[in-house]
Structures are given as C-alpha cells and as structure tokens.
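Chain lettering (A, B and C) follows the sequence in which the chains are written, and residue indices restart at 1 in each chain.
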Amino acid sequence: MNKPALFVYHRSRAVKTSLLFIFIALVCVLFSDIAITTLHPWQEMKRLAGGLLSPDFSDVRNIAHALMQTLAFAFLGVSIGAVFGFVLALVFDYRLVHMSCAVLRSVHELFWALIFLQFFGLHPLTGVLAIAIPFSAICAKVYAEILEEADRSPYNALPSGSGSVSRFFYARLPLVWVHFKTYTQYRLECGLRTSTVLGFIGLPTLGFYLEVFFKQGLYSQAAALLFTFYILIASIRWWLRPRLILVYLIASLYLLLPDAVSIDWSNVKRFFSEDIIPYPVRMAEDSYSAMQGLLTWLHELFWTQAFDGIIQTLVLTQIALVLSGMLALMLFPLITSHFQGYVGQKLGHGFLVILRSTPEYLLAYIFLQLWGPSMLPAVIALMLHNGAIIGHLCGRYANAIVLPNNPAKGLNLFAWEIVPRIYPQFLAFLFYRWEIIFRETAILGMLGIYTLGFYVDSAFEEIRFDRAIVLIAITALINIGIDSLSRRIRRYLRLKTVVQCS
Amino acid sequence: MSLMKSLLFIFFLFAQVNLYARADNPTRDFVFTAIPDQDETKLQERFGKVAAYLEKQLGVNVKYIPVKSYAAAISAFRNNQVQLAWFGGLSGVKARDLVSGSEALAQGIEDQQFETYFIANTATGLQRSETFPEGIRDKVFTFGSKGSTSGRLMPEYYVRKHFKSSPKEVFARVGFSGDHSRTIALVQSGAYEVGAVNFKVWQSEQQQGKIDNKKVSVIWKTPTYPDYQWSVRGDVDNTWGNGFKEKIRLALLAMNDADLLAAFPRSGFIAASNEDYRPIKNVAKEIGLID
Amino acid sequence: MSFSFELNSATLRYKDIDVLSNIDLSINPGEHVALLGKSGAGKSTLLTTLYQQQQTYCALVPQNVALVEALSVYHNVYMGQLNQHNTLTNLLNLLWPQRKPVAEVRQLLKLLELDEVIFKATGELSGGQKQRVAIARAMFQGNQVLLGDEPISALDSVLAEKVMQLLHAQHKTVVLAMHDVDMALCFADRIVGLKNGAIAIDQPAKNLSADDLQFLYLS
C-alpha cells in the first residue's frame, strides 16, 4: 500500500504523543468530579426536547431586537479587531508587538467584558471592546502567519529601490487577500458567538434572553432564539457581501449609539488607580507594611482560590481535549465525500454547523440545568463544540485527498486509508485548539464549576477587583504557557502551522 | 480600501454623536435599579410601575434599568449610572461603603425581621425542625446569588456556625442558583437536594401556587436579621436640587398602592438608616465576604 | 554607471549545501553569457548571487516566474517600474490603472503577443503566457543588465526565438541560464558550463559546437 510517507515518517512520534495525552486524560479522570446529581434528569431533558420541538416565535419584537444587537456588537467588534489586527500584523516581528498580542488574546472575551463592565457599565463600548481587543490580537497573529507563509518570490523579483508601501500593496497583500477575507469571515462567525454570550453578563444580545428563558425553563422561547441564531450563522455567505459591509456598519452604529451615553472617565481612572490595587497595598501606611501585606494577601489568594482553580481547570481541559479529538474523528466522515453522498454530506454539514455554532458557554449552561453541578456538563459542552470544529476542518482536509483506484470500503477505508492520511493534520488542529479549550474551561467556571472562572466571577461579585485581576492574570499566564507548549509539540511532531482554526 | 475609509468615517461619526450626547446632559434622567433576586422575565413588569410612580411623585424623568447580577447593581450605583437602588442587606452595605455620603432611605416593614428558609426536596426525607438541621450535611446544596443576603450570607453564616467548617467541606456539592425563584425550582426538581431561600419570595411563590408542596418543603427558618432597603447616592441634591433626597424618602414611604408593593413584595415601607445594617456588615466581615 | 560581476574563489551555498566551490568568474558590461549545465549544477544559485551583487542594474526573470497571480497582467508588468514612481502614484495605479503606463505596457506586451490579455488575472493564464509576463516585467524595468533563469523553457520554438531576440536586443548585458544548447550557442557570445560544483568550461561561443558541450550533461 502506498501510505503517505509523511505519516510513516512521523508515526511513532504522533502516536506516542497521542497516547501520552490519552494517559494524562485518564489520570485526570481519576481526579475529576463527573456525575449526574439531579434526581430526575430525564424529566427536564424531556421538557427541553419538547421545547426544542415547539419553538415559540410569538415574541418577534424581542427576538428581532436581540438579534440586531447581537449583529451590531459583532460587526463593530470584529471590524475594529480586523483593522487593528491588520496593522499589528505588519509589525508583528517586533518582540513587543507579538508579546502584547499573546497577552491580550490570552484573556477571554467574557473576562474583558467583566472588566469594562466595572467602569463603562452597560455602555456599548463594553461589548464592542470586549470583542475588539482580543480579536485584534488573534487577527494580528493569524494575519502575520498568513503573510509569513505567502510566497515571497514576487516580492523578491521587484526592482531594487521600490518603496516598501508599494512593495507591500503590489507583491504581498494581493497574495494573501483571499485568505484574509476567509479568515475574517470566520472571525465574524466567532464574533457572533461571542456577542451572543456577552448577553449572559447583561448586554442586550441574544444571550441575555437565552439565559433568562433557560433559567425559567421556558424552553420554547429559548428554542426560538436558538433557531434564529443557527439560521443567521448558516446563511452567513448569503448576507455577508463585501459591498454591504459599510451598510451593516452604519446600521450597527445607528443601533448602538442611542445607548452610548457619555462616559464618566473618573470611573475609569478610579478602576485603574484604586480598585485593582491589592487591598493591603491600598490600605497600607508605609511601603514595608504594604509589601508584607501584599505577600500574605497573595499567598492566601493563591492557596485558597487560585491553586484549586488551576488544578480543576487543567484537569477539565485535558479531559475535554482528548474527548474533543475523539469526537472529531467520529464526526468528520459525516461531511466527507469518501463516506457520504451529496445529501448525506449536506446533512452532516448542517449537523456540524449547529454543534459548532452553539457557544460552549450556552451548551454548558443548558447541561448544568439538566444534570446538576459537576464537571460533566462542561466536559460534554467542550467536547461537542470543539469536536465539531475540528471535525469540520478534518472533513474539509479529507475531501481534498485523492484515493488510489480501488479503495477499501467502510471501516477499512476509514482506518487504513483516511485516518492515517489526515492524522498529522488532525493533531495540528487539536493542539492548535488546546489553549482555546483551556480558555473556555476557565470561563465555564462562571457558571458554577470550580474552575478559575468561578473564582474570578466571585471576586467580581464581591466587588474585589484586585483579586479578580490577579486571578485573570494567572489564567492568562497559564494560557500563554499552554500556547507555547503546544507550539513546541507541533514543532516536535513537525506539523505544519494551521491558521484557520484559532 | 473602501472598508478602511468607511471605518474611519464611522469613527468620526461615533465621536461626533458622543460629543453631542455629552452636551445634551442637563435634562438628566433619574435612574434606579434593583437587584435581580427573582424571575428575571418579570423585572421590567415589576419595576416599570414603580418608575412611573416615582416620576409622578418626584416631578423628574425616572428610568428603571434592569441588571443581570447583584454586583452589576452595586457597580451601577457606584459609577453613578443609577442614583437609587433597591438593594439587599449585603449589597446595600457594599454599595454604601463604596459611595461616600450615600444612605439607606427606607426599608420594607418585613425587612426589619427578615428570614432565610432552608428548603429540601422531600425525597431527601429531611423533616421540619426548630433547631438547625444537622441532616443537611453531605447533601447537594444550593445558595441563591453569590451576593445575596438571604440566599448566601446568612445561610452560610449559620452553616459555618454549626459545622465549624466551610460550606464546600460540609456539603457534597455547593451551587449558586442565581436567584431565589431558581433556588426553589431547582430544589423542587431535584437538581439540588437542599437550598437556602428568601422567605418573602417563598411566601409569594406559595401564594401564586408555583410551589409543589409534595416535592419541596421548608425544613428550617433562620433567626431574623435586617435585609432589603432603598439606598440613595449622597450627591443627588446637587443634581436635582436641595431636598431631593428627602422627597425620594417621602415618596417611598408614601407608597401604599397594593399593586406597587406587590412588586417587592412588601406590605409597606418605613424609614431606615445605615446604622440598621451594622449586623449585616459584621457578619459579612466575619465570613470574609468583605475586607 | 559602470559595473561588472566579480567572483573570486567564491563558494556558493543553497539551503546550507555548497553548490559551487571556489569559483572565479567575471562578466563585463556588453557580454551576452549563457550558463549551461544539468539541473542541480548550480545555475540558479549562480544567477541569484549575481543578482544580489548588482541589484540596482539588473532585471531578473526568475525560474518560477514569481508573479502575483491575483493581479492582472498589466499590474504584474507595471511592477517592473515600481521603483520609478512615488508611492501615491503606485497605489493610485493599483486601484485605477493610469492611461500612460497602460499604453507603455500594452506596447511591450504586443511584442510578446500578450496584449489581448492585458487586464486578465495572471492566475488564469497558461504556463507559457505567465513566462512571457515575467519577461515583460523584467524588460519593463529598462535596466542595462538582464538575468534570466531559463526564461524560455515553456515557450514553443518560434516564440522562444522571438523572445531571445528581444532580450538580447534590448539589454546591453545578458546572462541567461539555458537548457537548450543550440539556442544558447545561437544567441550568446560566451558560454559558461557548470559541472560537479565547478566551472567546467568558459569559452567564447563561436569556438564551440553542441557536441563540445555534450560532456556537461553526462554523469
């Protein structure tokens, strides 16, 4: 058999690494808390299913309003993020730039929103910036990677003495423009998800009503909102036209501006100059007692909250990572021409769109209502969402494979022909999402699972922003660590960088 | 290219309108909020009427804005995005600590002697008792909101007092349902075995027939403590004229329309002071919820 | 405005491997040189080195054509004069092609039989067409020296001959890596043959026949 050389060459490393991660996940399961604690989980699930089957669209006005707001935040946030990301990508080689981008994107959108909420309140800027800031950093990184991978030979063939701006616009940008466009569109999809989830902390987007409806068990109303959201995402390529973008942006501003009351900058100043200064430092008389107090304070914060949060977050992340990978391998045949006919592929696509466009935050929230508090809801939510995304990417990759004339069928085809060919790519996708899964895991704590987000949320809830900032910083630091570890592993496995899935 | 141009144009527009909004300040709305302690779909319904009442009594534009969490209510109050708020005992203490000159104006008649009910799913077999129910140890337990007085502070205080350890150690699992209506629903459905709930919410849901007594029942009532109150920022007189604060207090005390009072739900309001809430502050300090 | 290519005991590397070691070569203005040798003999590496030595005077036709496929033929050719206009003019011309440069480019393209596809995206062209676009871009620079890495490899013989004539007529100095020995002998006045990491032969073309060069291709 003509196995692709690439795979044979890397087999041992790829397989060994996979086994190591599976082993780590199994150890994590021992330390995890996975259970269904509700007395009658099926009863509530039946009600949910009933609600999903009978969506109630009667509240058209609220649905339309929430939908518009969701779109407006996403449009403004993603546009600003893309523009800044583009500018930053040009200077991404500077250490300062890529380090700050790594920091900015290691903080989850919801944490950004919680921070801005403290001084901007429910001002539209809170939502717009919560999307724009991390998205600038992510776009900067991905745009820079796309530029990096683009063919440099036309650039080198230019006559010497050509201006750098002219060089860039003639021999660099046209080469990457299509990739930029595709990626930015994907980013908008992410932006819509983020915008939706921002509703959970009070912005007037779909999440605001979703949370209320799910909380009150009004599943039919919730279903109506969900279906609206799916249709919006699935139809993106019909309504997202370059020529319409200006119209959308103006409409977004028109929608959000009425809520943009003037900003009281003294609140902003107070937040940065007082609120986030650690309590003992703020209260101390002299620098010695400040130092002393700070150390005790940090020590206590770390051992009573952060440490436990870190362990729980890591345990959950590792389990979710492996399960996402497994699910992805099971899902990708659904959209692959080697296994599905035209109709099957379309159906598979629809299924994956639904799974991957449901924000994991929302999924976890729903499962938490159904199964009670444990790690289970979070694990399943992360697995479904990330599994669907990686499955989608693997499926697209597998579709490009041309098989020898007489391919095997069914399981043989899957195990002997397809999986070996996509495996390196699959691992690249999975490791690329590792840091994202970690970030999401931390955030799910806000729903009541004891990951880092739980303690961050508690600190905000107790108006102790000093603690919140330290905990967010810890989360960001670990996130950066995982990012660089993942890059090392990908290099060790000699996996090509994949930019489309961050 | 055109995308870039349009973005610049839009920023320009944004800046203009923002300036305009700033200049437009003098006819400022008087804004209030309330902690989201019950069914959030009913918030606007509950407090919209109160806004209309206050507008009539105070002679200024009054707006109610709903918030998603206790902390958001406190932050809005602190940032002067709202000037008046219907707080719980704990959230009121925190908010007033953060805004100097702010004061508790009025409390509900029932708030002088508030209670928390510990409720249990009947499947647990836990029975009503006069003394602290030791049997709740190792059960799956839910508080209300993390920032609630009756749903978090007081129940946690009594749990710590009796078991000499933190709720996380006492119970098999600890959750935060988010609000009191939700606590009742979750204990009733069996998602949690035991919960702590605001007694007024329990009574009002009982009256509305929302509670299935075969599935959930009260197993213990805490001793009484002071709870909800209206708090106002100290600087309202500067904006709306001398005596405005007193005008608010009188309007609140004069609220006697049953329909309005049902929003809280209280039978009436009486005057309150910051000093009334010292016990709450002490308890919060004791269990480490405030520095 | 005088230049010459000078290599003294130079060792040239490609991807960390020594391709040519310890070679001496000098090329004077006015010479028309053909580089011959098997693929992998180091012709491209040598050309690249020469190009880097005298970038200001040289126009280059790279082997992989190095075109921006998303842009039109016109834009790709215009890139040859990117250094002769200010940035604003360049950007304006990217969005809205200006009449004057379009006329100039069209005239050049006519010589290369490409004027009909002037506003077509380069990505849609055939291999031979792309190669001629790369040649047009180099010619548009109007430099005295032309360096070409197998610039006619994808052209049919009639067109190839026409292009060779043009290249040699319009540049004072020409250095081309060639795979077609007869064509090289016909147009160049000096032949440099590479073999086994060294210069195996360096003689005036008029002294040589195709048979004399056969040894370069034997292993």
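Just so it is clear, a residue touches a chain if its C-beta (ideal position, glycine included) is under 8 Å from a C-beta of that chain, and two chains touch if they have at least 3 such contacts.
Everything numeric here is computed off the predicted structure, so don't read it as measured data.
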item: Inter-chain pair with the most contacting C-beta pairs; value: A-B
item: Farthest chain (mean CA position) relative to chain B; value: C
item: Computed distance of Cα centres, chain C from chain A, in Å; value: 49
item: Euclidean distance of C-alpha centroids - chain B vs chain C, Å; value: 79
item: Distance between the centres, which are taken as Cα means, of chain B and chain A, whole angstrom; value: 33
item: In the complex with chain B, residue positions of chain A that touch it; value: 37-40, 43-44, 79-80, 83, 117-119, 121-122, 200-202, 208, 211-213, 215-218, 242, 245-246, 249-250, 253, 257, 260-262, 264, 267, 279, 369, 372-374, 448, 457-458, 460-464
item: Chain A partner contacts - residues on chain C that touch it in the complex; value: 55-56, 59-60, 62, 64, 66-71, 75, 79-87, 90-91, 94, 134, 137, 141, 143
item: Complex interface listing, chain A residues touching chain C; value: 151, 153-154, 156-163, 165-167, 169-171, 174-175, 177-178
item: Touching residues on chain B, where the partner in the complex is chain A; value: 2-4, 6-7, 10, 13-14, 17-18, 21-22, 25, 39-41, 65, 67-72, 74-76, 78-81, 94, 98, 121, 123, 140, 145-147, 172-176, 178-179, 181-182, 185, 189-193, 289-291
